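After this come two complexes, each holding chain A, first together with chain B and then together with chain C.
For the complex of A and B:
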């Protein structure tokens, strides 16, 4: 069985210090694997735990620095890594078309993928739409919000526990499938030391894109910024009694409360 | 050139809150364009594609949701359109629609503005659920509340929490919490507001002892009016508050409860 896991590298914002209204620059920020894609990889690896014949292939799109995320994938337990070379901002349609092309190329080399799995959304752009698009472009069934996947007694079926607004739903599906993974019902494994060493020496296969006109980005990023201060921003900090009175009066003026 | 809106209608054909809000967005772009509102009902992507392929509209608007996201993805691929999910706002700058999308990025902590140059634009608008009635009861889900009192770590689980709940009862508000509070087990997870909890957009949000971590701000920043009570004047929430009181909650809340006891929620929406 072949599984392709699509992983995206995102900025880690834990060290980001921005004031209200300030524009975002990624300078000095670390990069990490999009957490939902780590769930996707972990889900793929649980299938490999069940059937060790499974080949797990990680695919990431980006410039050379993206390979760090593929190495992380390999050190968690993936067998092969592919980087789709790309730079700059791409919109969702262009991204999906290019990923679909890359998947075709990988399938030519490695065999048909029974499962293509990716995180339900990225923590950066967060459209959460790429899996839906891949499903359309590749004409394969999509199952979204998977929290658990496992092989069943029937070799042509996969059991998926899907996260729903009011709980979980267990369903069975035929291959091939596209799955979007959300937070899993089980913990994510840690890479082992020998695996990390192996991963650092592993070969990363590089795919050059052959973008058609349709795979060109048509969306331009104008700016990313922290939301500005509220225009009113009335803060009272000396007299609490007066503060509540002011608050009450303003809420009445705003038509929220009446006496 | 057309703007198409797909939304749920009520059984009697009247507009749901979601449809009405989407229509407002459409109106803001419309000018001399035709607007068309269709009941999304059981429509499939193919149904919409059938009409869209004959004469592609300039803009298609949906409300954010799992089903509409997959419809939008299919339409975007087939019509070679631009698409953007979870938009807060759309602006149209010039005569030919060059749509500016305003949407949250980086875990909802930042806002991005993008512009699309395709001929067809599809936007999924984020419209928070909100209970149309003003009646209040203990179990109202926090994402449907008109008025929301949110307790933060600063409240503690003792007298501070009790005061916050009393204030909520006085003004008919639901009680929500920050992650620190649900992590500590002081309130159930279903009450958590923020990136890992629920997105809320009440008319009034009152944060008590809430510092305003980026993940929490992401979940409540779009409230119509934000009120913050915190004894630390440097708490980030004050940057996003419409009204703030810097002071100890054990002093502020009893005064607020007394003062607010005489008021009632206004029937008209703002």
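For the complex of A and C:
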């Protein structure tokens, strides 16, 4: 079985302090692996625990510094690493199209992927679109919000426990599949120190993009800034029933709730 | 000259840090009160290969360096100093005794490989009630009988003693010969006549299990003799040189842990209308402490580097041990002071760190013995 795990390197935003209206610059911020992608990799590795024949391949898109994220993936237990070379801003559509091209190239070299798994969203841009886009572009079934995945007695089925707003949903699916992983129901493993060393010496395969017109950004990044402070503060003094209606309408007017 | 950690080292430091924060920190106060050693956590951390970091892979180690090991001990000790010493004794004193010995490779592998991934735990038996700083004054005796040795005597203050599957026991073949007859054996848990005595009730490092070990007609096969008569004292001293780097790393970690708690507290705690970090007297004190921590770090990292690079490290190790543990005592004491009344209360951690720091100035050679080691080389 082959599993491709898409891992993104994100900016570590925990020490980011922006004033209202202030523009974001990445200067001085550390980079780390998107935590949701670590869940994705951990989920893939639980399948490998069940079936040691499984080949887990990690894929990242970015410049050379992105390889740190692949090395972490290899340290945790991935077998192979690919970096799709890229620099500068790409919107989510372009990112997804390029990733899909890279997946085709990897599949040519390594065989078809039974599972492609990504984190449900990144912690920096937070769009949560890549898994859905991959599903559309590659015409494969998407299962989102996986908190647990495991092989069943049936070799052609995968059992997935989805995290839902009010609980969990357990379903079975045929391969091939695209999965987005959220916080898992089990812990993420610690890499072993010998694996860390091997990972730092491992070969990272480089894929050069062959961007078609479709795989170019159709949007332009102008600026990222913290939203300005709201100018009006409203205190609703009505009773619970009426007050809730007023608050709801205000939130709808501001496009925070759509229905 | 390069002061930067490698990518690998940064990664392993991160793994140890996450383990300490996610696993050791919750429950560290309760464990200190109940003196219960977290065996499960010790074994879990072992799965990373941490306890075998400085040992070659052919002996079942993780194939890293002493510097790697120092980074790992430092990280766990920032949160739990007792875990730090159990780790350090397992690796540098038990594992070090095996690796430094002249035992055949097969024996080294047999007794080292099981501890490197935490499946088994090791301990080190040198100190006796009448032989502390004067390790040569011991009375445990091993007498040859056929292809076995029969050991009689008692050891004390054995860290990991009650938990250990394997203990290195240093003993004399003939008390009249003194250290000239000192040898060392690996004694397995459960060997008839080998029992755990009093388990100590301590001021600090309360979860570390420290006990007496009694040996009454304990028969050990000759192949488990890892230092032949006359080699034992040298093996113990060489092993303690490495152990001191481990204790130095533990002291550094304790100091850093307490410093960070104080620093964070001082930015939040307001008195006289402003955070106490704005009081220049206190801020300057913290500047001094941070400088001392940095100098301690340089010394222990350098001692580990010297060991890794095959240079003589006895004096650097003694200097690092003395400096780091004195800094640990000073920083933890000041951290309690910075937190005022809160610092004296258990939930703020620093009082525990202060109690843990005290022992680091005492074990693996008191800091007075470190001065003996340093001055001994100075006026040869």
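To be clear about the criterion, the second predicted complex is superposed on the first by the 230 of 259 C-alpha atoms of A that agree within 3 Å, B and C clash if a C-alpha of one lies under 4 Å from a C-alpha of the other, contacts with A are read in each partner's own complex, and residues count from 1 in each chain.
Following the convention adopted for this analysis, a residue touches a chain if its C-beta (ideal position, glycine included) is under 8 Å from a C-beta of that chain, and two chains touch if they have at least 3 such contacts.
Everything quoted here is computed from the prediction, not taken from an experiment.
More residues of chain A are in touch with B than with the other of chain B and chain C.
Within the superposed three-chain model, A:75 lies in touch with chain C and out of touch with chain B [touch as defined at top].
By the touch criterion stated above, A:200 is placed in contact with chain C alone, chain B being left untouched. Judged by the touch definition given at the top, the superposed model places A:192 against chain C, while chain B stays out of reach.
Within the superposed three-chain model, A:216 lies out of touch with both chain B and chain C [touch as defined at top].
Once the two complexes are laid over each other on the shared chain, residue contacts for A:63 go to neither chain B nor chain C. Once chain A of one complex is fitted onto chain A of the other, the partner contacts of A:112 are absent, as it touches neither chain B nor chain C. In the superposition on chain A, A:241 makes contact with chain B only, not with chain C. Per the touch definition, chain C reaches chain A in the complex via residues 6-8, 11-12, 15, 18-19, 47-50, 53, 57, 62-64, 68. Put simply, chain A touches chain C in their complex at residues 68, 71-72, 75, 190-194, 196-197, 200.
The touching residues of chain B, counted against chain A in their complex, run 66, 69-70, 72-74, 76-78, 80-86, 100, 104-118, 171, 203-204, 214, 221, 225-227, 233, 238-247, 251-252, 255-256, 259-260, 262-266, 268, 270. Considering their complex, residues 11, 13, 16, 18-20, 24, 91-93, 96, 123-129, 132-133, 135-137, 142, 144-145, 214, 218-227, 229-230, 232-237, 240-241, 243-248, 250-252, 254-259 of chain A touch chain B.
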